[in-house]
Amino acid sequence: MALALQTFATVNDANAALKAAGTRYLGGGTLVVRAANEGDVSVSGLIRSTEPSLSTIAVAGGKVRIGASVTMAAIARHPDLGALAKAARAVGGPAIRNMATVGGNLFAPAPYGDFAVALLALDATVSTDDGETPIETFLASRDGSRAIVTSVGFTLPPQGGFRFLKVSRVKPKGISVLSIAAVLKQSPDGTVASARIALGCMADRPVRAGAAERALLGRTLTADGIAPALAAASDGTSPITDPIASAWYRNEVLPVHLGRLLLA
Amino acid sequence: MELRKSYFADVRKDDLHEIGQPRPRSDSPGHVTGKTAFFADRNFPGMLHLKMVRSPHHHARIRSIDTSEAEKHPGVVRVLTAKDVPHNVNTILILIQIGPEDETVLADGKVRWKGEAVVAVLAETERAAQEAAAKVKVDYEVLPAVFDMEEALKPGAPLVNEYHGQNYYLYDSGECRKVRFGDVEAGFAGADHILEQSYQSSPIEHAPTETTGCVVTPEGNDRFTCYTNTQAMFFTLDNTSIILQMPGSKLHFVGGTVGGGFGGKVDVIVEPIAILGAKLTGRPVCFIYSREEEMQISSPRAAEKVVIKDGVMKDGRIVARKVTGYTDAGAYSRHSPYGAQKGAGHYPGPYTIPNVWIDTYCVYTNRTPSSAMRGFGVTIGDFALEVQMDKLARLIGMDPLEFRFINAYRDGDMKAHRQPTEGAALIECMQEASRAANWPVAEKFMAMSSYVKGV
Amino acid sequence: MAKVPVQFTLNGSEKAEFVDSGTTLLHALRDKIGDTSPKGGCHQGTCGACSVIIDGELRLSCLTLAETCDGAVISTTSGLSDSGVLHPLQRAFLDTFATQCGFCTPGMIMAAKVLLDHTPNPSRDEVVEALSGNICRCTGYEPIIQAVLTAARSNSQNAA
Amino acid sequence: MAIRRGRGVAAINYPTGMNLGGDPTQALVHSTPTGNFMVTLSSVDLGQGMKQIMAQICAETIGVPTDRVVVDTADTDTGPHCMGTFASRGTHRAGNAVIQAAREARQVMLEVAAEELEVNASDLETDGQGNILVKGAPQKSISIFDVALSAHFKRGRSISGRGMFLIPRSYPEKETGAMKPSTCYAHACTVAEVEVDDETGEVTVLTVKNVFEIGRALNPKMVEQQLVGGSWMGISHALYETTEPYYPNRDHGGTDFNQYLMPGPGDLAETEIIVLERPSADGPYGAKGPGEMCANPQIPAVANAVFDAVGVRIDTLPITPERILRALKAQAAN
């Protein structure tokens, strides 16, 4: 079977077409077209939708909704999403960012998927025609997911409340040794009131650093204050081993980089 | 860049018109306009695409190959197996009498590394070739594999390559190439300190931006034109002639514009099978490595292990050096026996040492065959030698740069392989480095010269 | 095999072709239209040799399906010189000896052109960022960075 | 967290040409009717600039400007044999073959000019601008354009030459290893300065100062290209590259430019290149092969600098953050 692309005006019709065997959804092409180029003959049909809502960014009242086809470049240059620009720019080089989409990033296996790490820290919801799913649930079950992701939504953190760090061997474009995103709220006395920390490359997909989050509550962002969180940073993780780094290395340097991010 | 003309000015006339001038490159205008024609920029009507079915195992016996489903696949024009290759067992250095022939063009009865070519599929489109390749059924009996050079050299290790009969290349000097100069044991006996250290590298890819490949077109007069990015035109033509048992006069190779080589395009791998495909189908054929193939299938720089034992005096003189080098050839020779031998000629480095013992081994393991790469036979040795030099200097409490001056070779010094040194310039390079890096050394070293012995 | 019509503007000329569905823009440009200036270095999106400009944005033609470019305006390096007069970037690549094997050059020039189109006087860091998706194995990048900075300077001098 | 700084030095030599010789290259040179010169070879240009350098060598030898020379190479129907472009041999071997061919062509050219000028060929010289002059009487001259026209249309001469360069093969003596691996050696010394993050093992190469002795810089800008690119590759080999990151384990080999690590444009060391020229006795205009050796000294220099910075020896390439971190932890445990 030769490869064939079908384009649909609505997500609904595209979803119907995706029920056929051998089909995959075409977002930016950075995952699917690459697989086809490399001889993955399991995919014979590519499906895409040109529904305009997939390509829009809506920001209102602190709520953000990003269409699944929105590219990393569009996020990085959006005036209201400055806080996320660093995470969007963490993906690939300039050409990849003009192609790679938010929807696609949710499916990118580690060490890819840096923006999904940010979305996990932001406690985003993932929308399909079937409704909304918390991102954590979505990521856990993504391998079996067939419904087209239409958008992601989240609440913009207050100024300075979002932190992001990507560690790579090659600069400025290398893929991740690990990536860390954190949404922190601090009480007036400076202690941490709430924390969501997401990690990339510490599993085959983005994961929460739950133990570190809990250990931060009520603590100040000082070397002593964060020490228990750093000690617990890799609890429950299973870092990947790949050509970039071993699980051992990722495990060893996670607390170092998390510490630097928290003290920055 | 700065040219320091003050060095060696007395042995050099600078009276030339064209030499020494920074003339613009004649090929650059083609590059910046995208007009330069690389081999893959040739496209012929009816061109077939060749895709290779590769071994998923590191070491296995092939019980059977079934290509019937692949042959029926839409768009497939021809499927090639070992029996289609006229002279299927070859080694590239046979042209300069370095044998034995030890590598199959398409696997015959056995695979010896993961990724080895087993079946070639020729189809109208890349996609059809990929789909058909997935339908080729190969029944393998997996065999024990060996990846570690020391394990491979032990008795009872799995035999990687039957054409050699043992897991090392047999030189006329025996299991290794040897250099013997002076009396190394006497040197160690008289040394103030002895330091033995082991160094290791892992394989490296050339990673040219243009992958290895060729485009072949039958000319209709029983000749075949092969557009290729080989680094060696006749080397490739002549080996192709042997493999295909075809007179060289039937072959026309066109190349010379290569998107990066670094030694990776000296092997003769893609051309013979593509020309065979063109001959058997009467159609143009292109065979271009995917990036994945370039990374894991094309020969890397060999992994090497280098063990260096040095005897050194408190005053900084190295009096004895014993080097044992191991080159991981992977499953086949390609250029590795030559590379290991080149190492023997390179040690003990640019230093004058009275007692030297060198053994270099070319070892077979079940990994991607390694071959030439920029600095072949020397690069990893230099890493080992120069880290060793740093360790020796610190061992005797001497500045590492001054330590090198003490041992640097000069014109007339006898090298371990019994050639007198000519044209030395190590000392002057170190003097200039001392200045450039603001790394001062004693005046007596700055006064040294490569020209004559003695300070 | 299903053929799909595709029409786009390539370097100022209208092109109309029938391609197999699923054909990448890189193949359509090279094999159908005959513009071989974009190079296939990896077909994975990891080397940048196939970089082209689509509707003002840098894109990888190896990962872009031709049929998604219907109606697009596409630029490649082969269309950069105007009546034989080299573009300042091309001139600068020559003058700074920024080409060696030349295989990455067309993609590098496209990446640099997009940068200078939007940022006429880039900083070194901006140049580094702009070239970061393009692999060069020969030069060590420095001559290419210098070429882009040189082109930017010559542009601003011409504008002044 | 501590960023610790260190520096290291390494000095090397490198043999030019195929080890033990026996690697021939041939060249043909002929003039066109209007006095342009065609060099015919089968040598390959990998991007190092073979075509340009052979044109400059031919031009120098004939005595014409480089733009009067065209190089036709790497077509086996037209070009005579070349062993190939590898082992730093291209410039050295092909350059010598081109010189020999160009000398022979030049001799014919001077003989034709001598007939036209009615003098002895040995009394003639070229001005490098395309003219042939009588030594000591430069007003008596003829252009190479006119000489070529005369040779082709009047005198029935072929202004052409054949060139061949072969270092005879050396066979190592079995017991002692006595052999002649090469006839000329290039040299280098590199000082590298690094920073090492002692909590992560990450290395930043701040500067490399490279001194290269290459016999003769035939085209200094092109030499610079090779040396700068080679220096980058040396750093890359030291710290980044491998197809088998867990060698001898075969798993996790990279398959793309994201997984196969090389320094990006944001990782560049400040690079200084200084070139010395001690012409080699058998090199074309003294040139040696710089193509390979320029990527070698950075590797041990960086390794030694890492030790200088953090006090651990990494004797396995590449020197990854992981290897450094493991060594630092072992050091701390002792």
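We just call them A, B, C and D in the order they show up, numbering each chain from 1.
Going forward, contacts are C-beta pairs under 8 Å (C-beta built on N, C-alpha and C of every residue); 3 or more make two chains touch, one makes a residue touch a chain.
Remember, it's a predicted structure, so these values are computed and weren't measured experimentally.
Peer 1: Applying the contact rule given earlier, which two chains have the most C-beta pairs between them?
Peer 2: Greatest number of C-beta pairs in contact occurs for B-D.
Peer 1: With centres defined by CA atoms only, which chain is the most remote from chain C?
Peer 2: B
Peer 1: Based only on mean CA positions, could you tell me how far chain B sits from chain C in angstrom?
Peer 2: One centre to the other, that is 33 Å.
Peer 1: Indicate the whole-number Å distance between the mean C-alpha point of chain B and the mean C-alpha point of chain D.
Peer 2: From the centre of chain B to the centre of chain D is 17 Å.
Peer 1: So, what's the distance in Å between the C-alpha centres of chain C and chain A?
Peer 2: The computed centroid separation for chain A versus chain C comes out at 29 Å.
Peer 1: For chain D, what residues touch not just one other chain but two or more?
Peer 2: 46-47, 49, 221-222, 224, 228, 230, 233, 245, 253-254, 256-260, 262, 264-266 - these are the residues of chain D that touch more than one other chain.
Peer 1: Scan chain A for residues touching two or more other chains and write them down.
Peer 2: Expected reply: 2-3, 37-38, 172-173.
Peer 1: Tell me, which residues of chain B touch at least two other chains?
Peer 2: Counting only residues that touch two or more other chains, chain B contributes 25, 27, 125, 127, 207, 257-260, 262, 290-292.
Peer 1: Counting only chain pairs that touch, give me the topology of the graph as line, ring, star, complete or other.
Peer 2: Topology of the interface graph: complete, with all chain pairs in contact.
Peer 1: Which residues of chain B touch chain D once you look at their complex with the stated criterion?
Peer 2: It is residues 1-5, 7-8, 11-12, 16-23, 25-27, 58, 96, 114, 147-149, 172-174, 177-181, 197-205, 207, 230-235, 237, 251-263, 265-266, 291-292, 295-296, 300, 303, 338, 341-342, 344-346, 349-350, 358, 365, 367-368, 372, 374-380, 382-387, 389-391, 400-401, 404, 408-409, 416-419, 422-426, 428-430, 432-433, 436-437, 439, 450 of chain B that touch chain D.
Peer 1: Which residues of chain D touch chain B in their complex?
Peer 2: It is residues 7-15, 19-20, 22, 42-47, 49-52, 55-57, 59-60, 63, 65-66, 71, 73-77, 79, 81-87, 128, 169, 172, 174-182, 184-185, 187-191, 209, 211-213, 215-224, 227-228, 230, 233, 237-238, 241-245, 247-250, 253-257, 259-260, 262, 272-281, 285-286, 291-293, 295-297, 299-301, 303-304, 307, 313, 315-318 of chain D that touch chain B.
Peer 1: Okay, in this complex, where on chain A does chain C touch?
Peer 2: 2-5, 7, 26, 28-30, 33-34, 36-38, 46, 48, 73, 92-96, 98-99, 172-173
Peer 1: Using the touch definition up top, name the residues of chain A that touch chain D in the complex.
Peer 2: 167, 169-175, 241-246, 248-249, 252-253, 256-257, 260
Peer 1: Any idea which chain D residues touch chain C in the complex?
Peer 2: Contact set of chain D toward chain C: 46-49, 221-222, 224-226, 228-233, 256-258, 262, 264-266, 268, 271.
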